[in-house]
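These notes open a run of structures that come right after.
There are two complexes below, and they share subunit A, which is joined by subunit B in the first and by subunit C in the second.
On to the complex of A and B.
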């Protein structure tokens, strides 16, 4: 607390010969600070990424591994893997369709002048995001169970429909996954857009009002374009989230075992080949394909949004 | 004229309130259903699934007492989860704030290059490196070990990014004054900058603790003996195609949410800042 050792400290640091003074110098200090990142990046990122590429060209059995060229990738040319790609793609596309426009509109609604209890609703809609996928999956698995008395079946029979085997059907199963995604992510995505709305100055809206713009005009001509940066961000993380989806399906179908693989995702296929079938080379190849797909989509999407253009 | 405008606004207000009330019910409904189910006997769930029916005669606390009985592993999982979450969060904040701070405050040779590397980590789905990481964990003897869960992700890109932004926005005039006063570079960080970055620490602490508490895929891969599991992994082992242990599963799920809800009620602001941290890209 006290500043008494000032003088001695200065003497120590100016003594240029000792190693400790070098360590304390302004030139070296930044490298000491970033050292944890350099170590972690090399060991737990760069090495695994390179090794994933190498492994994808290898056949790996305990104790030894040999190069087999593109055989793992050829093996991926099979209907089950195509199904996994299709499932992940459909799921990602539909989550984008649901979880971008709706939260954007909700954020604008909640931000509007007439709205009251803003903080209450903002917090309440956020609560599902606090649950783990395991807990959320447990709830949805039981609520969408095939028993007569399960929540969804009592609900639709009360409305006069037949009871359903929700998770046994391809489309109803997908619907369940989407409802789960909406439940967990609606509030967060809304928060992102609300954070973006805070940065739009009131004056822009006021001058538009003077020009006679109605609410809809203000939304389409001011809110949506000015929310573009945050929209791009939400879009990008949603693509990654969608293609990385695994736990939701794992929980709904108790492990990786959905009937006729209706809930199999790309990461599910990776988990199956890598851990359940112990085919590490094949699993690594799935990872590389996943990486390629997410990179291509992100690149195309950023191009479409014009992020690489030099304007602004 | 004016009254017409006012009624129009109030109609809008009513419609918005109705819409958001419906959404709030949608958000809370599953959790309330789960909470109710935790007071029902397991056989009732087995027979009728998860629903809202409430039979006062059947309500019981036995699921909760069972949760803490010594023959169940739930308490062990809880302890593991608390220990891993705590250790992970403390180390992650310490290390990531150091890195973020250095990237923001010092001008050194590889500064921009290192920042690009941080961004690259964020752009690669971690699922693709799970297999090589698993092999790595085996060779480091980290399998079935809490350090195996913690170490690979303890220097995390998002907090680095966030701390860099935050430290970049702080005034730096007095840093040289502190140096003249004999404060070392590390003293400046620990004694001056860290307290100034306290709000950033709060947001990131909540974000990282929540992520660690709920983390699934990596711990599922690393941990395999029953007494080493965390809550999410432990609970997931109770769901099998051959039958589910509802007793532990439901009450255990409720008990896993409770601490998070309590923290949320008191520190909402930091939750919201932490969760939207990624969106603050300049």
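On to the complex of A and C.
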């Protein structure tokens, strides 16, 4: 064993000139450096997508999988799947409405000179992102329970309202999911915006002050436009995050079983058809449709933001 | 020159690193082996000269792993010439089922034997089952076994799984509440009696008689399966039967109880929700019907009810009709990927089908054993945490309903039907008060 490295070293010496020329070649080196990404991308992304695409045209049964044309996609034409699309879309839209403006304003506050306890607020707003969804979902389920003694029911009955079946109602259930999402993601999005704010130079604000701009004017005319690249980024990942939401709903309803499917998301439907009912072909078809939807929406959104236009 | 020697150095460094990494791996492997060997040594009471066969087992239930660990010990003592080294892996419910499904579908990575829960079981016998038929160990003992529990894991005449228990369904009454209302549990013979007694309990104590599951299937499945008809959630031929007369009768009855306040929706939606445990544990309802394995939920999650609960046969739909159904369950299966099929089969037969194994399912797990000939065995009378909680008559109740335990139909559509019950029919009928027949027709046509 101890001899082996020496042997290789001897071998290397004889071939070293060709290897070093390879390493220093301007044509090849870039590929060597991006290789780790290419490999992990193709193994963990491209290959699964391609095989999911193929599987979506198959009936997957051990020992006798066969191609069945568009049957899986035809089977998707059902009210449950439409409900899942609708739920995911509404959820995504509402998270965008909440999780872009609020963190932006919060970031501006925390970046301001007059704000006190900055570090305290920064860390408390960020801590939820570090908790596991499973733990958070379970605690939210109990806090939003239907019994008199649950946290939310104690709270609203004290305020004089009637107790609610929070998770049993379409809109209250959605609201709970949104509160969970805001609680969890607020800090992360805020962090992105704060990073963006550091990049806006003080001089721009100073010259605006000289021109007599008030705080609101500075926010709308300097902060918001200059944060556009960050906003686009947050927007894009939020669209993906919204459509990919599953664990939150799964934990909140302790399983994929919300009443009348009010909490069923597209990934929830994928999980149900692919795993719970062992119909991987149908599950793959759901995945492909999900991919198509997020792809189209992201493309349209990036186009609207003008990301594909040439810089002027 | 400097450049060259530098690159040479780095390359040789990389090579040594790679090689030493290989060496490290080997060392790790030996360490692992050593660890396992000591494990085996401590698990083995008999001095074995023959090398133990390593057998891997997957489950989602820690108790089941402990059961097999104990049974392997007993097996090794009895069979020193073919000892087993058990590697039991316990992972969460969904993880185990998903991993096993992938392993069986892809043809590699599956354990020698594994647990599959009944509502997932049909997923595993789709197409060409990747499980070993167990007919040669099941059939010789079938006369002493509750056959219905084997039919649910069968396909084309092959038995693929062995359950842990009969899962006979019973009703649990909170005697303290019944006494307050002056109701005697033994007078409740039919579901009509139950509804009348429920009214009395509600009027006198203000406590609902029972809870019904709105996001799970047990409450209605038990009541449907106990009907003498061959059809329950599925027809005998495997087609969905949610709009059939059986389910309709049950759901209409349940809706009436909800309307009159005799029953309320189970807090949290089902009888395994933390909220339900809290509610029931504080005397929130006077009764619940669940299979016998639900005893463990009382002892573990509702300790305050100790000494207050009594077990009785379920009421019948009309006098003389069956009062129980074998329900729920988890099958142990042997995968086709095992390399020691015969040994695992013999062990499984020893652990679950033999008299000794059957008694152990009660003493270790608190389950009602698959062999009905051990139910009146002396060993079943020994006190344990269940007799302390519920009293000594647990097996008297079982023996009483022995010939009334109805089977259930399980087929490829089962997971889909259960999903529909969990998310659609129960909520709409019990909580939203929609017309029962219309909802059931609606839901069934969507399957």
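Everything below uses one rule, namely that the second predicted complex is superposed on the first by the 268 of 312 C-alpha atoms of A that agree within 3 Å, B and C clash if a C-alpha of one lies under 4 Å from a C-alpha of the other, contacts with A are read in each partner's own complex, and residues count from 1 in each chain.
Just so it is clear, a residue touches a chain if its C-beta (ideal position, glycine included) is under 8 Å from a C-beta of that chain, and two chains touch if they have at least 3 such contacts.
Fair warning: this is a prediction, and the values are worked out from it, not measured in the lab.
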item: Subunit B versus subunit C as contact partner of A:298, first or second or both or neither; value: first
item: Partner chain in contact with A:258 - subunit B first, subunit C second, else both or neither; value: second
item: Partner chain(s) touched by A:69 [first = subunit B, second = subunit C, both, neither]; value: neither
item: Partner chain in contact with A:132 - subunit B first, subunit C second, else both or neither; value: first
item: Subunit B versus subunit C as contact partner of A:147, first or second or both or neither; value: both
item: Partner chain(s) touched by A:160 [first = subunit B, second = subunit C, both, neither]; value: neither
item: Subunit B or subunit C, by number of subunit A residues touched; value: B
item: Which of subunit B and subunit C A:212 touches, first, second, both or neither; value: neither
item: Touching partner for A:168 - first (subunit B), second (subunit C), both, neither; value: second
item: Subunit B and subunit C footprints on subunit A, overlapping residues; value: 5, 9, 13, 142, 145, 147, 150, 254-255, 257, 275, 280
item: Subunit B to subunit A touching residues, read off their complex; value: 9-10, 12-13, 16-17, 19-20, 23-24, 26-28, 30-31, 33-34, 37, 45, 47-53, 95, 98-99, 101-103, 105-106, 108, 111, 114, 117-118, 121, 123-136, 151-155, 160, 179, 181-186, 189, 210, 213-214, 216-217, 221, 231-233, 235-236, 239-241, 244, 249-250, 253, 256-257, 260-261, 264, 268, 271-272, 275-276, 278-281
item: Residue numbers on subunit A that touch subunit C, as the complex places them; value: 1, 4-5, 8-9, 12-13, 16-17, 19-20, 23, 60-64, 78-80, 142, 145-147, 150, 168, 253-261, 264, 272, 275-278, 280
item: Residues of subunit A defined as touching subunit B within the complex; value: 3, 5-7, 9-10, 13, 24-27, 29-34, 36-41, 43-45, 47-49, 51-52, 55, 106, 109-110, 112, 114-117, 121-136, 138-143, 145, 147-151, 153-154, 183, 186-188, 191-192, 195-196, 229-230, 233-234, 237, 240, 243-244, 246-247, 250-251, 254-255, 257, 267, 270, 274-275, 280, 283-284, 287-288, 290-291, 294-295, 298
item: Parts of subunit C lying in touch with subunit A, wherever the complex brings them together; value: 3-4, 7-8, 11-12, 15-16, 19, 23, 94, 97-98, 101, 104-105, 120, 122-124, 126-130, 214-216, 267-269, 273-275, 278-279, 415-416, 419, 422-424, 427-428, 431, 446
